[in-house]
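Here's the structure we're looking at; comments come further down.
Chain naming follows the written order as A, B, C and D, and within any one chain the residues start at number 1.
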Amino acid sequence: MIKAGIIGGTGYTGVELLRLLHNHPKVNVVAISSRSLNGKRVDSIFPSLAGQSDLIFSLPSDETLNTCDIIFFATPHGVAMKGAGAFIEKGIKVIDLGADFRITDSDEWSKWYGLEHTQPSLLKSAIYGLPETNRKKIKDAMLIANPGCYPTAIQLALKPLIDNQLIDLSNIVADCKSGVSGAGRTANQAMLLCETSESLKPYGVGGHRHLPEIKQELALLAGKEVKLVFVPHLVPMIRGMQATIYVDLLDADTDVMPFFVHAYSDEQFVTILADGIYPETRSVKSSNFCQISVQKIPNSNKLVIMSVIDNLVKGASGQAIQNMNIMFNMDEGLGLEQIGLLP
Amino acid sequence: MIKAGIIGGTGYTGVELLRLLHNHPKVNVVAISSRSLNGKRVDSIFPSLAGQSDLIFSLPSDETLNTCDIIFFATPHGVAMKGAGAFIEKGIKVIDLGADFRITDSDEWSKWYGLEHTQPSLLKSAIYGLPETNRKKIKDAMLIANPGCYPTAIQLALKPLIDNQLIDLSNIVADCKSGVSGAGRTANQAMLLCETSESLKPYGVGGHRHLPEIKQELALLAGKEVKLVFVPHLVPMIRGMQATIYVDLLDADTDVMPFFVHAYSDEQFVTILADGIYPETRSVKSSNFCQISVQKIPNSNKLVIMSVIDNLVKGASGQAIQNMNIMFNMDEGLGLEQIGLLP
Amino acid sequence: MIKAGIIGGTGYTGVELLRLLHNHPKVNVVAISSRSLNGKRVDSIFPSLAGQSDLIFSLPSDETLNTCDIIFFATPHGVAMKGAGAFIEKGIKVIDLGADFRITDSDEWSKWYGLEHTQPSLLKSAIYGLPETNRKKIKDAMLIANPGCYPTAIQLALKPLIDNQLIDLSNIVADCKSGVSGAGRTANQAMLLCETSESLKPYGVGGHRHLPEIKQELALLAGKEVKLVFVPHLVPMIRGMQATIYVDLLDADTDVMPFFVHAYSDEQFVTILADGIYPETRSVKSSNFCQISVQKIPNSNKLVIMSVIDNLVKGASGQAIQNMNIMFNMDEGLGLEQIGLLP
Amino acid sequence: MIKAGIIGGTGYTGVELLRLLHNHPKVNVVAISSRSLNGKRVDSIFPSLAGQSDLIFSLPSDETLNTCDIIFFATPHGVAMKGAGAFIEKGIKVIDLGADFRITDSDEWSKWYGLEHTQPSLLKSAIYGLPETNRKKIKDAMLIANPGCYPTAIQLALKPLIDNQLIDLSNIVADCKSGVSGAGRTANQAMLLCETSESLKPYGVGGHRHLPEIKQELALLAGKEVKLVFVPHLVPMIRGMQATIYVDLLDADTDVMPFFVHAYSDEQFVTILADGIYPETRSVKSSNFCQISVQKIPNSNKLVIMSVIDNLVKGASGQAIQNMNIMFNMDEGLGLEQIGLLP
């Protein structure tokens, strides 16, 4: 059995790792740390685990963590940057679910995250963990930068179009919608049920931290800069994320469907929907799937691509486990076979 | 007191008319018809009215309707088309909350609504009831085509930009989001709580009935055809509608804010939000207000305009009452003074 | 015009006072205080007020408050206790929406609220502000203890039965359900959307702060002690409260309906529903109404009474305004005429 | 591999069987029938299955069903009654998720379900499938009456108290709360999001179809009649059920906790929560667990027992699979190991 540790497991990506790894046949979670909850039973914080787990929160200095084969950082930015190196030196693989290693340009990172990046060489060694674009490098990585949720939904939607040079890269609009769990479990007045339920709102319109990550990765796919407007919205639901993306086809007559089908024919977690079927976020709730559909707008060169993921699974903890499976040469879908919870 | 009648008052726009007119100091609702509920107490269908109304549903042939000063049609398309003429001939003003008189080209109407339009001359006489663009004509109208909810949110957002010729009319994207009440009160599996809650989905991507109405009215504002992609999404909430609109400024350096402030400085129901404040649908829940904000995207000529309304108020019944107030020379805001229900 | 001031207006009862008083024809809110938000625009905190109010939060020491005719304390417990006296000495009437003056026994109060009660003489002079039981005393009061939400729903449901000595006072179960707004607007992890949505839970089962208030007032009605089990539950909705109360009829054959109808025949805000119609919380959403229905259980002496209110209106701010109307000899329903928001 | 068939798989218990059996290592679903959807892809109705299942709805006469080892009826009442016998005669085991075999007295059944019961001998042979009370009989059964959701939550909460003769059987109140999925997937105006969201309501107060089932099974446990008041409420959430049960202890000093702990110490799916921890429905969302807690009311002989289940899992499809596992001598928890989805 692979021994896994979780650093900072008091948030939603932490409990989601616990839920998914609970069913993983080849992994045991042996330690989970939290400074603030040190000594408390994990099921006292996450009552879904009552009777199912005897884990106790420990300190990040817990020696058990050093016996692990893999460490997941489910921490705010700045924490993995400081802590990842020590594990890697011991030969322990690390997956950072946070943002510390996603932006390769450390100045750019500092600009968006308000901290100096103190580990430029670690940053250089980190592999961006989107299996559908980077599987080979993930296989041998010691340090994975697990992608953000919005970047995942957007990249999977655009990859077949960019790879095949079908669209104008200077005019892309990504109107995105996310459930509230993306904002985390910290006490925050703005995320109270009474502030978010029965309402929808845009946020970060002038600039969101996921924007540089999206632009960086799309530019890598395209081989040149991509101009993109990205507007996220907060939706009154717990889980789920949708990207509705508007692009201009270079040739209005291109039938893009075959490109999408071909791009993902070997991908276990990306499903292309039939013509006229649009994705609903609930279809992938609790699962690691991404569902995508495309719709050409009549009498124009506009194409709309819609993709949905569960922000806590394919957008975070599920993708982290998918990366782990690849890193340990296991079946990529192990522990991730569940289909979505409907209704 | 003005005597008002409602035809087809069993849906959400019907009960919303009752709620708002209950507080109107100069209007009494004297009759409300429903073929299927003829003879039943209105408060047996809408329990919010228990103890507050003794209205009984009657047949559309109810003579009391002919004694009214104004008739609201809160009916599916096709009904007002047949019934409006008889009232107008008797000198009774008519406001159709449905779609029968919104599209001036009857062939276009037939294409989207699947019916022949049998009243071309009535159609010609109908006035499109968006007070902010059409107030003068509304004043003298006998027949008002009350705008759709999406068209209201989009037109109010774009009017200052089009009026002042600030944007490229060939590349507009309107990504819109609506609460479930827009789908009405008919038993419909797809609108069950278990099918719509905790989920978000796009619909009508290839073409939605509000599209021709939006294009027609924007073309009137612009004096020429406008190219627009319109994608509506269903949001898991009862009320609320947001349009997020992406346009290209002709001059990337234009400061659009003064144009918005000036356009609506005399408008009671349109509020321009301060820089950096984005609208939330809950801010206008239960009220007739539209809140709008604008955000320039750095290093580009893209502008994002965001507008919110309550789809059942400014997007339907509230706007109908605003139109009625204008038609009867009353203060335009009478009965509509309530601010939004928060939380 | 009556001049009103609000102390501590940053929570939900504060903004609800603003919403309701906005429509009150005889009251102006001239000052609203908040230590933490001093100097900020009220509409920057409550975006429903954007464009509709120019109020600025001031300090509790703001002199304008001393020019008021009435002061509402919308504060946590302990604040009104300290501040009410100074206003009353100046002849300014005070309504405390908090708990400081609800429990007449100051030791009992201290036990539940964890503070010493420093104003026993003020406490003695306070009038419990449930108009349906205490209207005459409210008329002449200088200081009103506005009832809690659960106590309001329970007392209105039981009053006709207790007044007419129809039930066993030693075996009453009140299973109550509340929307999340009852927990207030403070940043609180447990009240995040992701912690409360799509879930229901009991709380305070072993003892809730509203219990002594309920027992005190029921004992006053009954003329002796009442034994009651009270279990509140948190329901995934913003507003609304329901009490489902189980009692034993002394005579299983009593037809209780006439007692309910008679008890509230002159009450503007209490509606008794017809046989077989059960109340839904949405029927009173945003309104000051209480709807009640009763159901006898066949082959037993059990009776179920169900009552619903909007916890922020009849359970808080609406009832405060009803009390104010009585205190100033105005029509009791002034500013409270709105019917519920449905859907 | 065990071959399973589903009759009437177009509702929520049907898709929940598909979701859970998808992960069952020893069962394949080989046929699923629906008269109305015959020939349609299952994933066209349940988009969570897109790309994960190639099942096609067939007619109930589909011969594949006769090749199954087990048939699940996920049908409205009246259907399994007619169809179960033919399978059983062929040696195929049957689990009815509906109500046809739950009430042993066919006259009582007819009274509540409005149909004559045409299969009295089948009815006699049916085993009530609550593993925690009936495991031995389930092992050898050919026909299982899968319990209702409310009866499951109530029986598990009361069993330790009744088994140990700790409570007064003549005064039990069960105030229950259910998510909307309990009402099924049929188009029904009353279950629209706009009718059920942001509201709570009691229903069936005068008598609910689950009442005779509850009384029958409690009487079996007690060895005599039990007097119980049962009031269900509809809660604005998709899944989840809570029973809050009020009983009188025969001896007010009894410490009931050890009885609960002992009763379920060997039960995989029943968790007794620690003192002072109350169950939340979300803790068991998507899982087969039942969580129970107890609270003594001070200065009285009243005890409150609270139990939560997911109405579609332990209250329906999960329990059916648990029964199937027992019937086929498999590990009872196979395919049901998932812990709850939180958040």
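Rule of thumb we're sticking to: a residue touches a chain if its C-beta (ideal position, glycine included) is under 8 Å from a C-beta of that chain, and two chains touch if they have at least 3 such contacts.
Note that this is a predicted model, so its numbers are computed, not measured.
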Greatest Cα-centroid separation from subunit C: which chain?
-> A
Comparison of C-D and B-D by number of C-beta pairs in contact, larger one | C-D
Between subunit B and subunit D, what is the gap in Å from one C-alpha centre to the other?
-> 45
Could you put a whole-Å number on the gap between the CA centroids of subunit C and subunit D?
-> 39
Residues of subunit A that touch at least two other chains are 12, 181, 185, 194-195, 197-198, 236-239, 279-280, 282, 285, 343
Subunit B contact footprint on subunit C (complex, rising order) | 12, 15, 19, 22-23, 44, 46-52, 181, 185, 198, 238-239, 271, 273, 277, 279-280, 282-287, 289, 291, 337-343
Subunit C partner, complex, touching residues on subunit A are 12, 180-181, 185-189, 191-198, 236-238
Can you list the subunit A residues touching subunit B in their complex?
-> 171, 173, 175, 177, 179, 194-195, 197-203, 205-207, 227, 229, 231, 233, 235-240, 242, 244, 246, 276, 278-282, 285, 295-298, 300, 302, 304, 306, 343
